[in-house]
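One chain, subunit A, links the two complexes that follow: it is found with subunit B in the first and with subunit C in the second.
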Partner chain A sequence: MDAILLQILNGLDKGSAYALIALGLTLIFGTLGVVNFAHGALFMIGAFCAVTLQRILNLSYEEIDPTQTDFLGNPLVVKVPYVQAWFGPEMGGSIIDWSVPLAILFAIPVMIFVGFAMERGLIKHFYKRPHADQILVTFGLAIVLQEVVKYFYGANPIPTGAPEAFRGSFDFGVLLGFDPNAIIYPYWRLIYFAFAAVIIGGVFSFLQFTTFGMVVRAGMADRETVGLLGINIDKRFTFMFGLAAAVAGLAGVMYAPINSPNYHMGMDFLVLSFVVVVVGGMGSLPGAVAAGFLLGILESFASMNEIKSIIPGIDQIIIYVVAIIILLTRPRGLMGRKGVMED
Partner chain B sequence: MSKMDVTRRGVLKTGAVAGGGLMLPTYLRAAGHEGFTNAPTGSTVTLGFNVPQTGPYADEGADELRAYELAVEHLNGGGDGGMLNTFSSKALEGNGILGKKVEYVTGDTQTKSDAARASAKSMIEKDGAVMITGGSSSGVAVAVQGLCQEAGVIFMAGLTHSNDTTGKDKKANGFRHFFNGYMSGAALAPVLADVYGTDRKAYHLTADYTWGWTQQESIAAATEALGWETVNNVLTPLAATDFSSYIAPVLNSGADVLVLNHYGGNMVNSLTNAVQFGLREKEINGKNFEIVVPLFSRLMARGAGANIKGILGSTNWHWSLQDEGTKTFVKSFGTKYGFPPSQAAHTCYVQTLLYADAVARAGSFNPCAVVEALEGFEFDGLGNGPTLYRAEDHQCFKDVLVVRGKENPTSEFDLLEVVQVTPRAQVEYAPDHPMFAGGALGTCNPGA
Partner chain C sequence: MFGLNKKDTSLLLVVAVLTLFAPFILNPFPTESGLAQFNAGYPDLMQRFVIFGIFAVGFNILFGLTGYLSFGHAAFLGVGSYSAVWMFKLLSMNVIPAIILSVIVAGLFALLIGFVSLRRSGIYFSILTLAFAQMSFNLAYSVLTPITNGETGLQLTLDDPRILGVSATADGSIPVTSLFGLEMRSTYEMAVAGWNFQFSAGYYLCAIIMLVSFYIAVRIFRSPFGLMLRAVKCNQNRMRYTGLNTRPYTLAAFVISGMYAGLAGGLMASMDPLAGAERMQWTASGEVVLMTILGGAGTLIGPVLGAGFIKYFENIFSKINDNVLHQWFGFLPDGIEDFVVFIIHPFIGKGWHLTLGILFMLVVIYLPGGLVEGGQRISRLFKKNKSSDDGAAAKTTPAE
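For the complex of A and B:
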């Protein structure tokens, strides 16, 4: 029982990332009709926003410490961050320590700008082109973006830690009456799950309870009629692209402490996120979220030794097996609507 | 009546094919004179540096390339001469190799076996490389070694740690200076028993490919021999990025040590995840829970950040060693590039010098003469103490370092501290050891 609970918890944070990326993908597909293979790159750029802010906060001046020597035997050059010089070692240290949560504020405008630039600069030229063209151009863009990031940040993962206060793990086992250490779960992963829930709730509320959201939903259902009513739906859809980019970016920022960011982390998530979108049902926002969590949890279960001993290698294929089963039984996915991508 | 369509395009196509066909034997003959592949005829000799320039190990590849460039500079008489000054063999004079100026071409392995073979093939066939060296993965090393054997050129392996490279997949034309999984186990296990005691239960997470399997087997055998129990070994996919679902069950398994048989991005992520789960703060079976990373690399340690502190592992070499060879190499490399070399850079630099020296001693670039010169070659002054290139399997035997993640690093390069220099005698094994059985060295192939 404790092992099952443990894997459900494990699946939640992975599912959160899938759900957030798939949510953005579905938003873009639902509004603009574009299959955006560069969405994983937006997740990666978000994570690198956290890395960049960490580097900005760590900008340092150099001091020579005559008591120590470097590897060549010269006096050691010690780097002192400006933040610590300005605010004192303790306060400055805390600011650097909190660089990931602070990066949320940094990432929102950056990601909206990146989203706008991507949509206006490239993707709008492909609205009327076949989906295959859209896939090729966005996939190419993803490769370009990851190579640019690799050029500036290198190929190795860059450690981007959570604040000291959120390191360590919470013992759910004791809370639920199991043995100590039976179900432990890192604090930051809990925060990631809560954060994803807030973002998903926020996006749904925005679409459900605001006039802007209502127009967007109407545009998703019938773009032509909304246009005939004199509403500039394209402008709103461009905004939605920016919003989707920001959602993917924030997912990336908060994911940085879970796995050190590297330039190809977007590709690692992209394919699985597309499976999530298809399983959830193309164009269905609740479907994307539900499928994200479902596949995250299933992937987690498939990694259990007990299951792997029965079916070796199942952890690597479980998502695709489930996708095949669901698409065979429900060809439009879990919550897919009739008419989407069927013309 | 038949109709003949002769078009300009058709004539051009036919002509191109016929011309190419006629040129092919000339091309092959050019590669095949003097009885071996790519025998250098002019005043230069070309070496092929096959390193990961793209993909996840690109930074390691970049460091390897820096080392190769430095080695070429020193071989051609440039710079301060580096380890040529400390190398026990004095056959090299700083005038290239056998008086021929050393030139090089580079290839990108992408850390993919097929891409690595393609780039090595291109360097041999198109660029006339007489020796191929480099790489950051055992899968790549085994693949390229096989290709070099068939092509009749020497392969001086870069960073490859699988037992198989000089075990079941060994080849007469291939040589490895880097240490291997067995040596890691033999060096590390006594230190682990010393520091953590002999009554320990280990849980292994292992990358699911040749290197992971052989390292896990080696570490488990070495630790079990000292009284440890291996509770479980879970194979993880090489493409895995989040290891939480593999790490979560560890604490409940009764194990009190987690051994991460991972390298590169796998190691960074699995270690980061393990630390996140608070494993190192836990107490199991009345003992502190410990994590072990048998193969450390400074470039990977940077990725893991503070998580590496206090964790034991092994390396082939470290820039903080105080022998003359190391000090000279670190000075040359540090002065040129501004930071100390990694172990990947060291092994690649040394391999280039060893090849050049073997050619100089043999008086020929013929691969079979080079093989003969390297087999059973004893040398010193290259950073690992007295070293032997064993004839039976073309594996170097030398001291191995046990290292620990430094608690208070002074810079981003100062991440590991040497805990023990394990003497060569402790990591030696018989050529027919079961972990290395199954393959045959065969005979050298000069190609042509």
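For the complex of A and C:
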């Protein structure tokens, strides 16, 4: 029982990342009808926003510390980050420590800008072109973005720590009456899950409860009619693209402490998120979220030793097997709408 | 000739001349000259040109004719490589059985994957093929290690049985791949007044196989079967409404292109007998998509051009470094020279993929027909200039 619970918990953080990326993909697909292969790159850019902010906060000048000496007896030269000089060591230290959560604030405008630039600059010209062309051009864009990041940040993963306060683990088992140390779960993963839940809830309520969201939903159902009513639907859809980019970026920012960002993390996640979108049903937002968590949890179950000893290698392929089975038995995915992407 | 019309025959002859005289054509600069780094006429690179040419021609039979965009073709290439290396390990170092086995195994594998994937079309098909390829890649890395040797890659060893050959040569080393005794790596060098031309047995084997497979592709493009595939691309629903089951045709196209990929994988292993799982990764599948689109999907010569283009520039761009740039721009004043080198620096050496990505995007945006369309546009431009009073001259038929 505790093993099962542990696997569910383990699946949640990966599932949250899948769900967030798949949500953005579906938003773009549902509104603009564009298959965005560069969405993984947006996730990666988000993670590198965290890296960048951490580097900015750690910018420092050198100062001679008279109270300390090095092993030769000379006065010691210490590096003092500017932030600590401005806000005092106490406050500055904690600002640096909290760089990943702070990067959320930094990432939102950056990602919205990147999203706008992508939509206006490139994707706008591909609405009328076949899906294959959209896949190809965004695939090219993904390569370019990835290589640009590689050029500036190098090919190695860059460790980006969570705040000191969240580095420990939480003994979940005690809370539910199991033995201590039976279910141990890092705090940051819990936070990631909660964060994902907030974002997903926010996006859904934005679409459900605001006038803007209502118009967007109407546009998703019938773009032409909404346009005929005198509403500038293109502008709203561009905004939705920016929103989707921001969702992917935030997923990336918060994922940085879980997995050190490297330049190809976007591509790794992209393939899986596409599988998630297709399993959930092209164009269905709840489907994308549900499939994201489902596949994340299934993946962590498949990596249990008990299951691996029955079917060796299942942990490597479970997602794809599920995708193939679902696509063949339920062609529209779990919650797909009729008439989406069917030629 | 060979059952082709005049235009196709001349196309085939052009390709034949290009491939057979490649050691000369790709070696235009004398060895000692400063431009020698642009030479591509050495066996290893030329083999890659033709092998990836075969791969792209096969991919084009599926994507160019039927419009089904497969993102998992590298799996067939990988399977082909593995089966060829196993043939070298178990049977003999002769390349013929290895290549035959790799084609057959890749064909069977394609039949299996195609049978499942072709139930869906559009993006679903792309995702399904991608899923299958990633599955094979992950399995090759983990559970199938006894067959694939995991991360190290499958290699020949001294204690392989090799029933029809020898486990080890007289001097105790691993035997090399050969065609009835003609070693694949044997190279004849011809030095002519500063030029150094290399003729490799392996290259010529690949080139001849490539010509044969190109010829088969031409025949497929011109056959009623090819016409049927084009009809599928044009409007599959209409085909279905006329009471025709399109799936056998698409499946046949899928299997044929899988066999081409297997052939390419087998040849790759024949030239250099090792096989690794990274050949099956989806980025490798992406590469053949890039080649085909860059050259021109749906045209005959396009994929070959695209494969050659990408492999040539990959090789050349990776070799250029800052020192070379400083040499080139040495005539500029110092400050400007450094600035120019600084601007170009991200695009060369390890930055080749950046250049490739930008190039690819530009092609998709402005030249959906690829290099072939670019060539046509240029030739049209010249024709217009020559006979500006004759408007009909502008309407040239696409020279596939």
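Here is the rule we use: the second predicted complex is superposed on the first by the 326 of 343 C-alpha atoms of A that agree within 3 Å, B and C clash if a C-alpha of one lies under 4 Å from a C-alpha of the other, contacts with A are read in each partner's own complex, and residues count from 1 in each chain.
Everything below uses one rule, namely that contacts are C-beta pairs under 8 Å (C-beta built on N, C-alpha and C of every residue); 3 or more make two chains touch, one makes a residue touch a chain.
Computed from a predicted model, the values in this text were never measured in an experiment.
Participant: Does subunit B (first) or subunit C (second) touch A:58, or do both, or does neither?
Facilitator: In the superposition, A:58 contacts neither subunit B nor subunit C.
Participant: Check whether A:6 is in contact with subunit B, with subunit C, with both or with neither, and answer first, second, both or neither.
Facilitator: first
Participant: Applying the document's definition of touch, where does A:305 land relative to subunit B and subunit C: first, second, both, or neither?
Facilitator: Once the two structures are laid over each other on A, A:305 reaches subunit B alone.
Participant: Given the touch rule stated above, what does A:259 touch, subunit B (first), subunit C (second), both, or neither?
Facilitator: first
Participant: In the overlaid three-chain picture, which partner chain does A:157 touch, first (subunit B) or second (subunit C), both, or neither?
Facilitator: In the superposition, A:157 touches subunit B alone.
Participant: Have a look at where A:317 lands relative to subunit B and subunit C in the superposition and call it first, second, both or neither.
Facilitator: A:317: touches subunit C, not subunit B.
Participant: Of the partners subunit B and subunit C, which touch A:70 in the superposed model: first, second, both, neither?
Facilitator: The answer is first: A:70 touches subunit B but not subunit C.
Participant: Please identify the positions on subunit A that touch both subunit B and subunit C, taking each partner from its own complex.
Facilitator: 316
Participant: Residue numbers of subunit A touching subunit B in their complex, please.
Facilitator: Subunit A residues touching subunit B: 2-3, 6-7, 9-11, 13-14, 68, 70-72, 76, 78, 150, 154-159, 161, 167-169, 179, 181-182, 184-186, 188-189, 257-260, 262, 264-265, 268, 299-300, 303-305, 308, 315-316.
Participant: Provide the residue numbers of subunit B that touch subunit A in the complex, in ascending order.
Facilitator: Its residues touching subunit A are 54-59, 232, 234, 237, 239, 241-242, 244-246, 248-249, 251-252, 265, 268-269, 272-273, 276-278, 281-282, 284, 299-300, 302-307, 319-320, 330-331, 334-335, 339-340, 410-411, 413-414.
Participant: Would you mind writing out the residues of subunit A in touch with subunit C in their complex?
Facilitator: Result: residues 35, 122, 125, 129, 131-133, 135-137, 139-144, 146-148, 151, 267, 271, 274-275, 278, 282, 312-313, 316-317, 319-321, 323-324, 327-328, 331, 341-343 of subunit A touch subunit C.
Participant: Under the definition above, what is the set of subunit C residues touching subunit A in their complex?
Facilitator: Where subunit C meets subunit A, its residues are 67, 69, 116, 119-124, 126-128, 130-132, 134-135, 138-139, 141-144, 236-237, 282-283, 286, 289, 293, 346, 351, 353-354, 356-358, 360-361, 364-365, 368.
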